[in-house]
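I've put the structures underneath this note.
Look at the two complexes coming up: subunit A is in both, with subunit B in one and subunit C in the other.
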Partner chain A sequence: MALFLQILSYGVINGALYGLVALGLSLVFGVMNYLNVAHGALIMLASYAVFWACYYLKFDPFVSMILVAPTFFVIGWILFQGLFQRILRFEEGEKIKNSLLISFGILLIFSNAATMLWTADERAVTTDYTGKVIELLGVRIPYIGIASVVLAIIVIVAVHFFLTRTYFGKAIRAVSQDNEAAGWMGINTKMVCLVSFALGVALATFPGVVIALQTFNPIVSFDLTNKALIVLVLAGVGSLKGVLFGGLLLGAVEAVSVFLVGSAYREVVGLLLFVFVLMFRPQGLGGRKS
Partner chain B sequence: MLEVHDVDVAYGDIQALWGVSLNVQKGEMVALVGSNGAGKSTLLRTVSGAQKPRKGTITVEGIRADTADAHKVVDLGVALVPEGRRLFRDMTVLENLEMGGYIGRARKLKEDKLEWVYQMFPILKQRLNQLAGTLSGGEQQMLAIGRGLMSDPKLLLVDELSLGLAPIIVKNIYKTLKEINRSRNVTILVVEQNVRLALEVADRGYVIENGRITMEGKGQDLLASDEIKSAYLAIG
Partner chain C sequence: MKRALIALGILLLVIIVPLVVQNEYLFNLMILICLYSILAHSWNVLGGFCGQISLGHATFFGAGALTFRYLWLSGVSYYVALPAGALSALILASIIGFPSFKMKGHYFAIGTLALAMILLHTVQNLLPGVSFITQECLDQYNLLTIYYLALGVGVATMLAVWALSRSKIGLAMVSIRDDEDAAEAIGINTFKYKVISMSISTLIAGFAGGIFAFYCGTYYYYVPFELGWSFDPLLIAFIGGAGTVVGPVVGAVVFVLLKELFATHLGQVNVLIFGIVFIIVVLFLPKGMVGVVTLFRRSKKTR
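== the complex of A and B ==
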């Protein structure tokens, strides 16, 4: 029983991370049908940013978010205006294909540039509380893990609040459901897409912090993008709750599989889940049928 | 109020409107009628800014609307009730209405406008927290019109409201539209396939065929004309 709870706790901790990883990707895809596969690279860059903020400025990693998040919002703004805004006018299928092309290029460039500039060495941020665990019902839970879960909850609740209680947040939902009709409401859909994209990139900060507290190198870009895509499929388009549950589901499934068949198959299980959901419930756990 | 002058509109290589001119005076209710594919919805889409004309001009109270983006046209006081309703299906009735009143000056009038919409369409007040996608066809059409009214428009464009609705519901909605036109002086341009219904409520009408305006006149006069009778009303 204690073993089961132990596995479950790791599943939840990782699951919370996966939810955070997919959040930015899901938001951008939902609003404007851009599949930004560079999202993993952006999380990787955020991890580096957190790392330096801790190393050079001596910030606590969770405090560094205050600096990193707005910075990445600006980075997202620039990326959109510079690279992604021309394809906004395309129709849905073309937008997905073209955004995939552009972002894949960015993924390669960012991850290779990071390797060239900062080497492939593994980095990690260590704090006073790294490695400390708390014992609960016979289960050992790392402090970092608890912090990650709490962060995930706070971020998702904040995003939910933004999307359901503010005019602009509702405008974002309107644009993601019917772009043209949103324009007829007087909503500046171009501006909504720009801000949503920048927000999506800024959201890379939070998984970035969590990753920074584990270990990372430029190559995590690809792993993180994979995880994000799997969770996106699990969650379905346009569902915030789905992202959380999809992340938790992936985390749980991985944790159980590690227990049953060993950690060698951990990644495979996620991909099997991905295929399974696409085959039997393509709209995802929370998505609408589209 | 609305001046459409010699407008050509094309979708790629396919031309939909040829030299279309019409006008709507302040306070009027005007109907644009014609059969399926005649170009009626294209005209409304162009006036509301979703489509740009290849030729010609569109002005609203003297200000050019054909060069403006769709969201800017709303600022000019034009609200479109789109063909097929185009509600935000995963948002509640209240949220849809709120989105209708998105622009700055409409937000200040929100409570006022909501009260007005509830007055016109009481059923919406009962269904406030329901998702728009779960409403019946008639209720959805009412919500779409209510949503259009939330931006405090000077000109309301209504595109094919009768599509997919039972005749009695359509009749009642047109009665309500007429009341909106009279009591609050909202200028209305309706586009309709149901020629009789539209011409019965309208002050004036235009007939469009194959992208060209073919007739114009007072609503009653058009209804009485032989051409309309034989072509659209299956009489004689």
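== the complex of A and C ==
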């Protein structure tokens, strides 16, 4: 029982991370139907940014977010202006396909560039609290795990409030519901798309911090994109509220599968779940049929 | 007519060159070019003609390689093992591939990626070891044989794709690519043609896998299932010209040569360059390098 609880606690911690990983992807997909599979590579780059900020500037990883998040906002801005705005006017199916292909190219470029620049070595940020745990009912929970769960909840709630309570957030939601009608109401839809894309990229910072505290290398970007896509589908496409739920579900399923069949098939179970949901409930577990 | 002569000339050249120039390095390059053009053509049939973008062709490539290796090492001669490998890829496709057409559009792409990753992890777990050639089989290992085998399969593939592109089936596939709903509306059984397209595609991928397993001496069992074998054909076909007959071959030549050029000091930089070119192609040149040539030719004619 204690072992099961221990494994489940890791499931929750991983699940919160998966939710964070999928957040930016889900925002971008919801607003403008871009399937940005480069998101995993952006998270990987964010991890490196955090790593270097901690290494050279002696920042705490969580403090370094102040520096990294604006940088990634700018990166997102540049990516959108340089590449993604060109396909903004395409019809929906073409838009998804082309954004998938473009971001796939970016994924390859970033992960290969990172391998060339910083080698494929595993890296990790070590802090004073790395490896420290608290015991709770016989379950050992690492400080970093608690911090990442708290971070996930704060970020996801903050994004939710931004979208529902602020003027600009409401504009973003209007565009995601009906791009054209939002334009007629006097919303600068291109600006909204630009900002939400940059925001989506900036959201890569938060999972980047959590991953920098574990171990990472350039190859991790494929795995992260993969996780983000699984959560996106579990949550119901474009549903931000579902992201935390989807992440936790994936984390829990993985944890249970580790308990039942061993860690070798952890990835496979998540992927199988993904394929079945794609086939039989493409609108997501929580989503309604349109 | 002129084109057929050029094609025949090139074919004669690539047949004769290895007999005249006994250079192992050249053999290796040409085998790789054949391998990548076959694989790219396999992707092209499904992605270029039928518009179903697969990110998981390594599944079928790997299945072909696995079957070929197993049969070959257990004493079956390679010319039997090669089609058997291709057949195994087709069987795998009928188990996991055809149901994946339930996923439409972009879901198909990420769904096939997920399938490829499932298979990669499973093979990694079940067969963690290294596959090496036994002594008896080593006697059969001869670069020239492999080269002619790869060339034969490559030429056959290209002819098949050429015939396909001029057939009614090919037209149906193109119509699905251009607008699936419209194709259905004019009475094309889209599911049927998607299945045909995937069958041809996976058969070719299985052949490519067999050639890999024949050519590569020692490798980990999971290597032909790696994601690179899904991504490379997509890049090659797109850059060469997706939905064309020569495109994937041109792409493969450039890909392999770039890879060789940088392999000695910069490792994977060819993927980096290809990634950049790929984005440019997606944004501006939907017919790839072949498209540039035809554009150029047309503008010359009109002048």
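Observations on the structure shown:
The definition used in the following text is that the second predicted complex is superposed on the first by the 287 of 290 C-alpha atoms of A that agree within 3 Å, B and C clash if a C-alpha of one lies under 4 Å from a C-alpha of the other, contacts with A are read in each partner's own complex, and residues count from 1 in each chain.
What we mean here is this: a residue touches a chain if its C-beta (ideal position, glycine included) is under 8 Å from a C-beta of that chain, and two chains touch if they have at least 3 such contacts.
Treat the numbers as computed from the prediction; the structure is a model and nothing was measured.
Greater residue coverage of subunit A by touch, when subunit B is weighed against subunit C, goes to C.
In the superposition on chain A, A:D60 contacts neither subunit B nor subunit C.
Judged by the touch definition given at the top, the superposed model places A:I96 against subunit C, while subunit B stays out of reach.
With both structures placed on the common chain, the touch criterion links A:A181 to subunit B but leaves subunit C unconnected. In the superposition on chain A, contact of A:A171 is made with subunit B only, not with subunit C. Of the two partner chains placed by superposition, only subunit C is touched by A:L229; subunit B is not.
In the superposition on chain A, A:L108 makes contact with subunit C only, while subunit B stays out of contact range.
Once the two complexes are laid over each other on the shared chain, residue contacts for A:E122 go to neither subunit B nor subunit C.
Looking at the shared chain after the overlay, A:M279 reaches subunit C, while subunit B stays out of its contact range. In the superposition on chain A, no subunit A position is in contact with subunit B in one complex as well as with subunit C in the other.
Of all residues in subunit A, those touching subunit C in their complex are 35, 37, 83, 86-87, 93, 96-98, 100-102, 104-106, 108-109, 112-113, 115-116, 222, 226, 229-230, 264-265, 267-268, 271-272, 274-275, 278-279, 282.
Residue ranges of subunit B in contact with subunit A, taken from their complex: 48-50, 69-71, 74-75, 79-80, 82, 86-91, 95, 98-100, 102-103, 106-107, 147, 151. On subunit C, the positions that touch subunit A within their shared complex are 53, 55, 99-100, 102-107, 109-111, 113-115, 117-118, 121-122, 125, 227, 231, 234-235, 238, 266-269, 271-272, 274-276, 278-279, 282-283. The residues of subunit A lying in touch with subunit B in their complex are 167, 170-171, 173-174, 177-178, 180-189, 238, 288.
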